[in-house]
Amino acid sequence: MTATGPELTSPTTATPATPASTATHARFGPVEAEPYPWPYDGSFAPATTAVINIDWQTDFCGKGGYVDAMGYDLSLTRAGLEPTANLLAALRPLGFFIIHTREGHRPDLADCPPNKLWRSKRIGAGIGDPAPAGRILIRGEIGWDIVEEVYPVEGEVIIDKPGKGSFYATDLDLVLQTHGITHIILTGITTDVCVHTTMRDANDRGYECLLLSDCTGATDHGNYRAALNMVKMQGGVFGAVASSEALLTSVAAGPVA
Amino acid sequence: MTATGPELTSPTTATPATPASTATHARFGPVEAEPYPWPYDGSFAPATTAVINIDWQTDFCGKGGYVDAMGYDLSLTRAGLEPTANLLAALRPLGFFIIHTREGHRPDLADCPPNKLWRSKRIGAGIGDPAPAGRILIRGEIGWDIVEEVYPVEGEVIIDKPGKGSFYATDLDLVLQTHGITHIILTGITTDVCVHTTMRDANDRGYECLLLSDCTGATDHGNYRAALNMVKMQGGVFGAVASSEALLTSVAAGPVA
Amino acid sequence: MTATGPELTSPTTATPATPASTATHARFGPVEAEPYPWPYDGSFAPATTAVINIDWQTDFCGKGGYVDAMGYDLSLTRAGLEPTANLLAALRPLGFFIIHTREGHRPDLADCPPNKLWRSKRIGAGIGDPAPAGRILIRGEIGWDIVEEVYPVEGEVIIDKPGKGSFYATDLDLVLQTHGITHIILTGITTDVCVHTTMRDANDRGYECLLLSDCTGATDHGNYRAALNMVKMQGGVFGAVASSEALLTSVAAGPVA
Amino acid sequence: MTATGPELTSPTTATPATPASTATHARFGPVEAEPYPWPYDGSFAPATTAVINIDWQTDFCGKGGYVDAMGYDLSLTRAGLEPTANLLAALRPLGFFIIHTREGHRPDLADCPPNKLWRSKRIGAGIGDPAPAGRILIRGEIGWDIVEEVYPVEGEVIIDKPGKGSFYATDLDLVLQTHGITHIILTGITTDVCVHTTMRDANDRGYECLLLSDCTGATDHGNYRAALNMVKMQGGVFGAVASSEALLTSVAAGPVA
């Protein structure tokens, strides 16, 4: 585990980056997944595949953050942390393009829609209000940063987003296009909210997506299971679902081409 | 029921439109909803509220279309048709801004991502392939058009979209902004796919959304219920859910201001 | 000249399309251009290069259309028609991806910002008002369609756009991504308005753009020259500029790889 | 002059913000402008009008920055600094919503298209390369920050953008919508590149824009003049142009309603 905490990265990106040119052009796969062996085109390469880790922030899975303030059981959103840490440890040396997202707002709330603010205050977890981990969902606060277990390392990109989806009002699509990314592997929280919104928006743009079932969690277990199930409808309406073990098995099998 | 079929509208919009200036500035509400009385700001006006009806197309709820070709039970996606027709009959005279969406692709598939095409073919319902209601999910085909029960009338806007979300690669946001819309009421199919993706993207943009539980349906009843439940998390993470009866009760009670 | 008029295409696309798979993978170039030999990466292939023809509509270069109604000299906007027709005749057989755009609004003006409407009426060329070529800038009218000299042929994509830029509120980016396009060659009118806005937005997205100086024109000759000059600042701030002769010379020289 | 330098603000926003609710609802106008008295709807209010100041960075108008490295005459891009400082001094107390943009890239260049990078290196001003004011166009460097004369004060929003346009890959539209902004006043550099791209994209979205002729400049005087002229075509194709004196005269005349 090489993560060393918040001081490692600037608010907008880890630096210096691993040059994209170091990514290997080996291809792996397919991965045993539902409803089809992933990806649709048979194999995936580190050079064109991004691992997007959604909102592994204290606010969503740590003590004193937003989800904790709302009274949800943290063990549900924390369940995927260890598998995700293992996944990153295995994929980092292979040159996959690793991205992390953080939901959060400007300290002056200039980017926070009034209904989002109102709803959060109504349930006692007001955005911008003080909490044990700092002002809730505010950039720069302790609760807003990514937890230690899956903290970004040098060369990984961080996307700060004001909404649930990672494409809206961010440079994510530009970053993906600049790196020639065509395939996306998703981890993160919460499954039914930010992970799903991001997966849906990525899928509409043509990215081939895989959601790792054990590397994600939700504030409600039924919603977690339903979110996985929704992906599998209509032949894989948003992509496919696999365990991280299945993905790592394919990678361990070595390049296919 | 004034709908008279496809010949009424051009492929891109019903014409001529009811001028926006005829919309009433009366305000209604609130609506008994979960997890909070909708809307967050207490009331909603026809002049600033859009009713967006998602993908009530033969391809998703009619015989010989896409969902039928995939083998799903059509009664699930058709369940919301009658409540939606009743809703439209009640709201049309009041000046609400009524929008309809249609998922579909260009006949040459220039806008169809290859993975979406591949998945559809894999399950025997290939986009662009011939089916009883015409080429599946292709603009201009019978199966692609909106079913008679909720067919657009003059002055209503139709949004043609290539994806699941209604904001991506369309002029929906421009149309909403041009009309000063701030509140959105959603009906349509399927709850967990196109309706939810649209609601999520609208919510990230700050629109205050209400999903009508009886005016929507999915290809799987569990997913339908879960999709409704997901909205209610975190104090209404994507907005609120109500029955159409609750909405119509508020409207019948008359203007509040 | 293979164009046969409006009846050839549907409102949204020509059908059936030439499959993308017929595009050649030959590479041509570089083209003698300013301020650098285009493209930056040395060569361009029909399979990954789009020729985007902007707004060659009667409304912008024909009698009885929008620009005519405003009183501008049509010879300025028509000047690029013949070179563009020659260009298309040369590039069509090689498998380049050819796109046409049309600026226009829904007949009910649902997508027309009120200030745009107001300005057009103030100068006596109101959007939606009757003119010799039909309602000004309205989809489906004669004046809105593309002129005969460069009319789309089967397999070419038409993008209908409500604004000056071709990316905003359209599916252009999706279409380009779906076809793996990385390079864009621009023709059309007017140089300083719709062509430039599209080139700027394409450039920000990372597309490598070439504007053909003799295949474009403006309502003011000084603005035309300045628009070409602006491209060349800062080492090619929006891309490069060349004559169509220079481009065709490179193509005639045959594949470089 | 209240600006106190870089330590005042975080990289993403000045904090804490002046609450939007302090903005006055007085309306001013119209402003003597070309080609029509601005705005089209007769008057503008601080509560719904944003002043967007484009890229007043050392990289574009200071010694040792990007434009200096390219060898352009800095007096051209600096010409608008004093009028802009005077403008801000006059408008700040009235509650206008003041926004500043900065063009720049992530330190690892993850958001820098390869052609943009290549062009900059070709002319000896490579993005990310060391220069007297730090790495060229890189976030966090001295050259990237806003110059002292027009430095943001508390409560003003800063938009960091990777491209020439301010809407692409940023949260600008979300911020404008959240604050109910409908009118935009533009200052900044350079007129023909980042200011014009932003004005064009704002105009397509329906914002009513005014460009202040003495509060902007370009690396070429001919391009500066042409950029102003282009706005005035077609009855104000992108909005209107006025001097800051004309604007301040309207404001000094007091509220009209």
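We just call them A, B, C and D in the order they show up, numbering each chain from 1.
The working rule: contacts are C-beta pairs under 8 Å (C-beta built on N, C-alpha and C of every residue); 3 or more make two chains touch, one makes a residue touch a chain.
Bear in mind that the values here come from a model prediction, so they are computed numbers and not experimental data.
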item	value
Chain pair, A-C or A-D, that carries the greater number of C-beta contacts	A-D
Distance-maximising chain from subunit D - centres being C-alpha averages	B
Between subunit B and subunit A, distance of the C-alpha-averaged centres to the nearest whole Å	29
Between subunit A and subunit D, centroid-to-centroid distance (C-alpha), Å	33
Subunit A-subunit C separation of Cα centroids, rounded to whole Å	39
Where subunit D touches two or more other chains, by residue	113-114, 162-163, 168-169, 174, 178, 205-206
Pairwise touch network: line, ring, star, complete, or other	complete
Touch list for subunit A against partner subunit B, complex	36, 39-41, 70, 113-116, 118-120, 122-123, 125, 162-165, 168-169, 192-193, 196-197, 200-201, 203-206, 208, 219-220, 222-223, 226-227, 229-230, 233-239
Residue numbers on subunit C that touch subunit B, as the complex places them	10-17, 106-114, 139-140, 155, 157, 160, 162-163, 168-171, 173-175, 178-179
Complex contacts: residues of subunit C adjacent to subunit A	174, 177-178, 205-206
